[in-house]
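Both complexes below contain chain A, partnered by chain B and then by chain C.
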Partner chain A sequence: MLELESVDAYYGTLKVLDSITMKVDKGESVTILGPNGMGKTTLLRTIVGLMPARSGRIKYKGKDITQWPAHRRVREGISLVPEGRRVFPYLSVEKNLLVAAGTTSGGRREEDSLETVYSIFPDLKAKRKDLAGNLSGGQQQMLALGRSLIQSPSLLMLDEPSLGLAPIVVKSVYQAIRKIREGREELTLVVVEQNVRVALENASRGYVMQHGRVVAAGTSEELMNDSKLKERYLGV
Partner chain B sequence: MLGGVYGVMSVGLTLIFGVLRIPNFAHGEFLMLGMYVTYWFVVFTHLNPVFSIAVSAAVLFVLGYFFQSQLLSRVSRQGEVPQIFLTVALSIFLSNAAEILWGSNYRIVPVSYTSTTFHIGLVSVYAPNAIIFAFSLFLAGLLWFLLNKTHTGLAIQATAQDPEAAQLMGTDIKKVTAVSFALGAALAAVAGSLLAPLYPIFPTVGSYFILLMFTIVVLGGLGDVKGAFVGGTLISVVLSVSSIFVTEDLGFALVFIMFILILVLAPQGLFGKTVK
Partner chain C sequence: MLRLGENAYWAMGLVLLPAAAYVAVPEYFSVVILMYYYAALGSAWNILGGRTGQLSFGNSAFLAVGAYTSTLLFLDYHVSPWVGMWVGGALAAVTSLLLGLTSLRLKGPFFVMSSFAFVQVVQLLLAHFTNITNGNVGLVLPLTDSLADMESGNPLFYGYLIAGILLLAVSVNYAISKSKTGYFLSAIREDEDAAKALGVNTARYKALAFVTSAFLTALIGTFYAQYLLFITPTATASIPLSIQIAIIAIVGGRELWAPVLGGIMLEGFAFLVETLFPAIPGLNFAVYAVLLMAVIILSPSGVYKYVREHI
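Then we have the complex of A and B:
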């Protein structure tokens, strides 16, 4: 589904991704762990095309997409719920969703896709005429998820979906994520999290990043039980 | 009565600012070109000048699209300043090109709207102004529909608010940026066509309007589409009231003073946005 071969990325002269190689299969749920500033966000941005890969190759569904612009990758089914949610503050909830729906290549009817999103996030339906900027943090996260969901992605990437949310809201965010996965066995999920426990509970595999490199990889169980690893890289 | 058309000529400036984050210093020249399109249209076809609106909108849309996608976009990675200089260069180029092509003489659109005046109750209305007003309202409605009810319009708004997030929604922001600039240019041209029968037309006429446009746009809040129409109406009131008491030149001075005052006292425009 997704394959990275020694991908490098830079901010100016600062190397932020250092020869990243990873492979994610269709239907998998993978998490990327690591403390702040290690390059997790940059990795997701590079996969979706907001950042160029200076060297290396990115393959998606067997195609080399390294040179594709972001909008093309999105239309082909790669979706990112960005760090900080990034909803359009001066657009209503419904218009936020319509912006995302307008670009789906599937051609499903808009109304249907809106209803699908509203059935998973009833709160959004109640607020659909409100400006997105006036929603609470948790509701904005739901909207950000809804925008991605309405694109009917094959590869869904989430960047710290629990950042800055109260524990009870985090719980409902992950409930929503599980709901999204129900009946979508084909959906591939890549989640970046600082909250190691929550992340490993919701994924089957994980990668650990340190200074732009992948320093460890394994199944959730392996990572969970590796106390040295946790001490050294994850600080728990 | 001219408030509406002041809104139309300024709303393109605010639209371009919203998406490209640059003031377009060639906006007055876009309006000037719209006036000339109307002039030549009427000279050749002898039709009512209102029919030239479609022509000038189309010409300036194409010119605007070409200018943004072929020139501005090439320097956009270096930030705003080189783009701003390019719009200044375009402004100088266009007014000089107009002078070379059509000379510096004042031109008057040969047939004008019927210059009758009609009465509604106690108010007497000058027919051309009524036509301009009606068209401006229509254009404002059309623009509202375009921005809020079409995918392109929503993509323009999304790109203005967060270009990266817009890309994540699958928006081709290069295209949206070019379309926004083109649309802004077309709106200026339409305003030029509407005003052409009322004003003498000459190559530097754009510089006469650009101050008005900038004042209206900062009054309404940079990037605020509704604000541009409210600002346009306010400015037209200021100008017509001051023309009763003082000369028109002093009215312009007054506009300029307002411009400075707003920048100093309320740089966000008079109408704050509604997100807390």
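Then we have the complex of A and C:
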């Protein structure tokens, strides 16, 4: 599904991704862990095409997409829920969804896809005429999820979906993520998280990043039980 | 009973006003024409500056492209301005596309500065190539009063010519606002990076907004040339005019009729100030400044929205 081969990325002269190699299979749920500023967000931005890879290769569904612009990657089924949600604050909830639907729909009926999103997030339906900026943090996260969901992605990437949310809201966000996965066995999920316990509970495998490199990888169980690793990189 | 919406009232008002003014206050008819002229410029600007959020102070350069193209085609090749105005529009579209390829990569203040530079460059080019443009002396169009030459002895003709262009600019704004393109443009304005992450081809849609805005502005340029029958580089490709266009749209707002309200209002104020204080030239710019500050403090999203919400 997704393969990265020694991918490097830079901010100016600062190397933020250092020879990243990873492989995610179709239908897997993978988490990327590590403290702040270690390149996790940059990694997702590089995969979706917002940040160029200076060297290395990114393959998606067997195709080399390293040079593709972001809009082409999204059309082919890669969708990112960005860090901090980034809803369009002065557009209505529904328009937020329609912007996302518009880049991928290819003439499919937008009404149907709206209803699919509303059936998973009934709160959004009730607030569909409201400005997105007036929603609570949790609702905005649901909208950000809905925006990606309406694109019917094959690869869904979430950047810190629990950031800045109360524990009870975090719980409902992950409930929604599980709901999205139900009946979509083909959907591949890559989640960046700082909340290690929540992340590993909801993923089958994980990678740990430190200073732009992958320093550890394994199944959720292996990572959970590796006390040295937890102490050194994850601070739990 | 036929129920009319706001759009119908505006359109009807704009169509009736020139005739009414012509009958009632013919000595002030030129004020109506100027109101429409600025409203049209604001409406064309709104596509790029309002909807897409790319603050441009360069639109008067496209006014110059339109005015000079149709005028030179008429003077040198006897091409009617009715044809020349579309050629000018096309040329402005191509120019803005080439400029946009580079300048639209700039963000915030850097884009603003590039737009200032562009106006200055166009003005200098027009002033420099005297063998073609007659330099700073300007070009004079012959007075023919022939409709075939887009001229008439009856001022109503110019009133309806600019009303037609204004309604075209508003219609284009309307079509955009109802389309997928409109959603994408507002997403770019709100959060360009997030729009890109959702798969909006931001470079393409920004260029589309730029080209459309430039095209419409160039059409207004031909009107300007035909109305005054005299154009110069400094009267067309001018930084003060560019700022004025942006102020009209910022004071008005970015809703469909907001720049129209802004244009009518600002020209109305300018006319009042000039009539009441004829001895102080340039006072209208001070009035603009005060209005702009008042709007920013009282209703940052424009006068139109304020009026809709409070009256």
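By our rule, the second predicted complex is superposed on the first by the 233 of 236 C-alpha atoms of A that agree within 3 Å, B and C clash if a C-alpha of one lies under 4 Å from a C-alpha of the other, contacts with A are read in each partner's own complex, and residues count from 1 in each chain.
Following the convention adopted for this analysis, contacts are C-beta pairs under 8 Å (C-beta built on N, C-alpha and C of every residue); 3 or more make two chains touch, one makes a residue touch a chain.
Remember, it's a predicted structure, so these values are computed and weren't measured experimentally.
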Chain A as common anchor, with chain B and chain C clashing or fitting: clash
Partner chain in contact with A:Q151 - chain B first, chain C second, else both or neither: both
First, second, both or neither for A:L98, with chain B first and chain C second: both
First, second, both or neither for A:Y90, with chain B first and chain C second: both
Contacts of A:N202 with chain B and chain C, given as first, second, both or neither: neither
Touched partner set for A:L131, first chain B, second chain C, both or neither: first
Chain B and chain C contact sites that coincide on chain A, given as residue numbers: 48, 50, 69-71, 74-75, 79-80, 82, 86-91, 95, 98-100, 102-104, 147, 151
Interfacial residue positions of chain C with respect to chain A in the complex: 180, 183-184, 186-187, 190-191, 193-201
Partner chain C, residues of chain A touching it in the complex: 45, 48, 50, 69-71, 73-75, 79-80, 82, 86-91, 95, 98-100, 102-104, 147-148, 151
Residues of chain A that touch chain B when the two form their complex: 48-50, 69-71, 74-75, 79-80, 82, 86-91, 95, 98-100, 102-104, 131, 133-134, 147, 151
Complex interface listing, chain B residues touching chain A: 148, 151, 154-155, 157-158, 161-162, 164-173, 273-276
